[in-house]
Amino acid sequence: MIVDCAVYEDGVRRQGHHDLEHLLERIDNEHDFVWIGLHEPTPEEFDSVAREFGLHELAVEDAIHAHQRPKMELYDDTVFLVLKTARYVDHEEVIELGEILIFIGEGFIVTVRHGQATELKDVRRDIEAQPELLKHGPAAVLHAIADRVVDEYQPALEGLDEDITEVENEVFSEAAPNRAERIYKLKREVLQFLRAAAPLGEPMERLATRDVPQIDPEVRNYFRDVNDHLHRVQDQLESYRDLLTSVLEANLSQLGVRQNEDMRKISAWVAIAAVPTMIAGIYGMNFDHMPELGWTLGYPAVLTVMLVACGSLYRSFKRAGWL
Amino acid sequence: MIVDCAVYEDGVRRQGHHDLEHLLERIDNEHDFVWIGLHEPTPEEFDSVAREFGLHELAVEDAIHAHQRPKMELYDDTVFLVLKTARYVDHEEVIELGEILIFIGEGFIVTVRHGQATELKDVRRDIEAQPELLKHGPAAVLHAIADRVVDEYQPALEGLDEDITEVENEVFSEAAPNRAERIYKLKREVLQFLRAAAPLGEPMERLATRDVPQIDPEVRNYFRDVNDHLHRVQDQLESYRDLLTSVLEANLSQLGVRQNEDMRKISAWVAIAAVPTMIAGIYGMNFDHMPELGWTLGYPAVLTVMLVACGSLYRSFKRAGWL
Amino acid sequence: MIVDCAVYEDGVRRQGHHDLEHLLERIDNEHDFVWIGLHEPTPEEFDSVAREFGLHELAVEDAIHAHQRPKMELYDDTVFLVLKTARYVDHEEVIELGEILIFIGEGFIVTVRHGQATELKDVRRDIEAQPELLKHGPAAVLHAIADRVVDEYQPALEGLDEDITEVENEVFSEAAPNRAERIYKLKREVLQFLRAAAPLGEPMERLATRDVPQIDPEVRNYFRDVNDHLHRVQDQLESYRDLLTSVLEANLSQLGVRQNEDMRKISAWVAIAAVPTMIAGIYGMNFDHMPELGWTLGYPAVLTVMLVACGSLYRSFKRAGWL
Amino acid sequence: MIVDCAVYEDGVRRQGHHDLEHLLERIDNEHDFVWIGLHEPTPEEFDSVAREFGLHELAVEDAIHAHQRPKMELYDDTVFLVLKTARYVDHEEVIELGEILIFIGEGFIVTVRHGQATELKDVRRDIEAQPELLKHGPAAVLHAIADRVVDEYQPALEGLDEDITEVENEVFSEAAPNRAERIYKLKREVLQFLRAAAPLGEPMERLATRDVPQIDPEVRNYFRDVNDHLHRVQDQLESYRDLLTSVLEANLSQLGVRQNEDMRKISAWVAIAAVPTMIAGIYGMNFDHMPELGWTLGYPAVLTVMLVACGSLYRSFKRAGWL
Amino acid sequence: MIVDCAVYEDGVRRQGHHDLEHLLERIDNEHDFVWIGLHEPTPEEFDSVAREFGLHELAVEDAIHAHQRPKMELYDDTVFLVLKTARYVDHEEVIELGEILIFIGEGFIVTVRHGQATELKDVRRDIEAQPELLKHGPAAVLHAIADRVVDEYQPALEGLDEDITEVENEVFSEAAPNRAERIYKLKREVLQFLRAAAPLGEPMERLATRDVPQIDPEVRNYFRDVNDHLHRVQDQLESYRDLLTSVLEANLSQLGVRQNEDMRKISAWVAIAAVPTMIAGIYGMNFDHMPELGWTLGYPAVLTVMLVACGSLYRSFKRAGWL
């Protein structure tokens, strides 16, 4: 689906609706450009775009099928960039990935969204409000999108952070329930997120430092800034991964401790029950000469002994922390 | 076994059957070439091929004995490439590897299949339908094969993915059966797959970026694309490896939990049985003066006490989740 | 908040209070410079500083929002450096991070503190006492701050070290209490500290070895020295990380051992109690012909047997280390 | 001990016994050379060799004391290479390492064997049968030896492989015996093997690709081939290491499971024994009014009840897999 | 403390005692030099040395405070090298580190020892016995010291090796005692040793291969040799680290096994005791019609049954390996 198709002249959007064909011919000045936004285009829809801007066959295939890793390719005079967006769906504790594919060339930028990718409407609105930025051409739009995508990693990270803190608190709480499943699933999400974000570093690095002729040199510092944010995201994700590995192990320790506590509690009760049973056994013996059996107060005395023994056992178990 | 032997002129297969000898002499134009396909050739069979195309002794030895790691070697004016194919045999949960060895030189390509390697019949049919591709010479065939091999990693990955998800579900299910063996074996397969796929990256990189004179420069971007797919496969496999390591640990936690549950269940029943035994012991004592023994309803009363005690213990264990 | 604003001429602080505006105009000689110190400035406060010294928009944004990773950026003729300070809050066993951001350009240095960052008052006082250093210009101040920040990692490291030693002693003590939580939390702090300190290495390296024109070449060796200290901090933190991973595992072993000891203790008592119960059971049988039952000393004899059996069991358990 | 000392002229061994002294003077043509083979030489034996060929003092020391890591050094115009041989002693499950040290210079090759190193007799015989190879000079011999050494890693690998498979089968067998010791020892061997084989890669790489003037350029491809085999060995060893780490963990899971099974079996029997004890306790009470006690068939009836209760418990435990 | 101060002319020590001041003026020839040895000098002591040889302020500070990581710095025309010595204190199982700091410049070498560092007396004596070496100037001394330091890593390694083997034997012995603490502490020592030795590689590499003008090119090969030994030490330490990690895990398995054995032993005894208790319970019932009770041999028969039952249980537990 073609979502939007605009022509920017001297940083300002030209009024009116524009037809795809012959768009490029209408671009006169160096920094004027066309921005076409698509959402999960059909091969047919994309075909006309590809023909109009002379996009490379391989990139076109990637753009339609998506499921790429973040990367940047240079085809002749076109730059092809793949970005992964991330959103944290809190109630499922799942990182939901989307994909934005971008083509940049002389006088045009084509953006293709797939899946749950961030909508670019807001990016367009924000950047249209800054004509002086738009004058830098498509590279400014590329930066605006990359910046937005990486900025939106932040709330996803925070979602993860909260859930990791929660799982830590659970594992180290008194109850020490088994949280292996939750920890494992959070780790899986962290690994997936890392796989989506980390490979973007290399394209950002290249855009920031090397000579990609399609990128206005003045915009380069801005990509370095994006890369910086990306680094922070990656650092954070890697430390989440390490922490979750440790929590999984700590979880095992906590379970072991709880198991031991259960065992001691059980054993304490068994020991308490064993005492009257033993005493009763003794006075159940059939010896002819057991003087206590003849005492009038023998029975209540023995019951008292039993109670006292059990009580003092209970007290000492309590004091030792077994009960 | 020589499976096929074809001459391509200007992108089109020349009709008729061709004899191995003097094949090269019949190649006139720059992009015309011979494609010889072999399957587990005997040394004798391969000898004539090697002589005809002047293949290097070391590569010939590798081609006959197979069991190479993926690699690319340049011998004078011949390129020698080793690829590993992978197939997931679902009912055995095993990655089955095959091997394809390829020689490319001026005017020829020789392909040798070993083991369960993907058949190249389909690749040949597909590429013969695209004469404009075939015009790029043997490099186009090389790309078609590499592309197919890497594409076929995908279903193998998916097979693994399904089994990993299954094992995750089992480990975190109520029953929490011990899945250490299955997890371990999946990990072994992942490691084996990784060992087969990862080293291919370096040759693809070289074919994509550096000057391998035997490769038509226009085909280079296509190898970069293959490399990209390979990267995704590798990323995926590495995260499988990490996940399986974590699942193995989580499996231990789950076992610990189940073990604890069993222990608590057993202990609860033992405690329930200990109560009537203790009471019975008390009334089995032989004191002369135990008034209860003389009561008419003493016996049914004690039985009732026993039942009530057991019942309330049972209820409280049930409530605590021990039973 | 603007904390201080001073002009240094020939290594000496010029008397009097200075207004922000037109400060640079008053700098005449090459090594004279202005040092402006800010603490969590509002955007408005920082705006005038940024305008006066022509600071780059991206760096300004970073300086106000903080939460950067340590890094160095070159914007035209300004150097922008981010440092993380670390302080160990012993009673909470937490590393508290702060942030210092520094701009250096021709004739000026601007320092911005955020959070719990080390106060720079002392640095200023110390360096003002060394006019010959101040003559090297802003680079000398930059070094003084970096040196102080890295020096203050040392007490934080020592705090960690103490707590790690303490946790080791606890884990390997007789009581072998479960220390999983404390170990885990120390590890989290170590990872966080590492993330704050390690990335600083690259800027220090660049300041020490490469041509950052804003840095007086004579000051370079001093940055190498800072980098060296940083390396030591990083080595130490990495080995803490490894050790804590091992302690967590050792903790599990110790728990297992203690659990086993508890189990053996319990079992020993159960075994001791089982013996008189069994003997009493035997003499509680109702056979007509049990000669012992008729003996006058039967009962005391059996009691003695019971005591002796229990006593010798107790002794042998004691000797085996079960009790 | 000097094992052999031969002069090769134009690829053919010159007849007769040769004296060490003045050997080099008798070499006339470029590709003629002397090959001296030693086995654990005494310092005196080696001294004369070192003097004759002008070997560097440091290399000489290494050659006598052995226990080097694989490496290559260039001393002026002499190449010094250290190789580690590996043999798997199956009944001890131990990798036995040997060492071969090689000096190559203009017109000579000196080989020194230490410990259980592969005998070079066969290598000498094989290469003497290929005069066209020997014409390439000492480099051909160097290749023949390196090739042999790396080829002999293969059976060692296979020995390890078999034992690892065996240990896997044991760990995952019904009996699930504790195999921690065996796994650990195999891992130790794998690490030792890896330490012996891996560092050889760098010298092979250098021999294959860079300009070591003592190596005939035509022989270079052959070293690349050796390096390739070495890579495979290393890949294999690294995956053994990873697998053994996982097996060790899986072993723990299996032990946990078996422990749980034992516990359940024990508990089942205890529960079965507790039932008749409890019933017997009840009928051992001394109430005056217990009608069952007066029944003629009371005793057999109770016995029957006990048997039935035990039997049905046994059956249900059996069905639940506890027995 | 100034330990020794000698002037070497043409490889020979000049007789007599020398005063620190004006020492350098007395050096005439290119390879003549002064060697000053200090041990934990006070700042005052070191000050005069620093002034005499023009040592850089930063290096001087390092030399007095020690606690550096191994490194090499070039200050103008002075080389500053930090070495860590290691000694294994066997009865405490602790690696004791010392530090040697070396300054080399035109015509002088200054060595500073801290802590338990190897004494350099022997090095001095050995090298004074080799005038031809001393002629190479201070670089020869530098090599002699580095060589000695790295050589002395060997006995420390061997001490560790012995203790690791001992701990392995303990862990896998019949008794399988918990060795977590000892393993952990050995690992800590290995990590500390590694941290002291590994960073020395880079300076040795630089001394061996690059142009450090203060180093006589003829001495370079010797540093490569030291580096080689260092590599071996590092390889060894890294494999110790890996092995200790595995032993710690194996220790857990062994503990689990022993715990299980304890549990089975206990359970077996409990089962053996349960049988006579159960039988006694049956014959303790008060049924009027229990024919066995009236038999004259009833009591001894039951006792025999009990003994036989216990005996056969004992035998079968013995056979199953539970007792």
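Per-chain numbering from 1; labels A, B, C, D and E assigned in written order.
Basically, a contact is a pair of C-beta atoms (placed from the backbone, for glycine too) under 8 Å apart; a residue touches a chain by one contact, two chains touch by 3 or more.
Every value quoted in this text rests on a predicted model; they were computed, and no experiment measured them.
Student: Note down the smallest number of touching-chain steps it takes to go from chain D to chain E.
Tutor: Minimal hop count between chain D and chain E: 1.
Student: Through how few touching steps can chain B be joined to chain C?
Tutor: Minimum number of steps from chain B to chain C: 2.
Student: So what's the Cα centroid distance for chain A and chain C, whole Å?
Tutor: 26
Student: Can you work out the whole-Å distance between the CA centroids of chain A and chain E?
Tutor: Roughly 41 Å separates the two chain centres.
Student: Spell out, as numbers or ranges, the residues of chain A touching 2 or more other chains.
Tutor: In chain A, 249, 252, 256, 259, 263, 270, 274, 277, 281, 284-286, 290 touch at least two other chains.
Student: Can I get the ring sequence of chains, opening with chain A and turning toward chain C?
Tutor: The chains follow each other as A, C, E, D, B, starting at chain A and passing chain C next.
Student: For chain C, which residues count as touching chain E in their complex?
Tutor: Residues 168, 172, 221-222, 224-225, 228, 231-232, 235, 239, 242-243, 246-247, 249-250, 252-254, 256-257, 259-260, 263-264, 267, 270-271, 274-275, 277-278, 281-282, 284-290 of chain C touch chain E in their complex.
Student: For chain E, which residues count as touching chain C in their complex?
Tutor: That would be residues 56, 58, 62, 67-69, 71, 73, 75, 178, 180-181, 183-184, 187-188, 191-192, 195, 199, 245, 248-249, 251-252, 255-256, 258-259, 262-263, 266, 269-270, 273-274, 276-277, 280-281, 283-286, 290, 292-299, 302-303, 306 of chain E.
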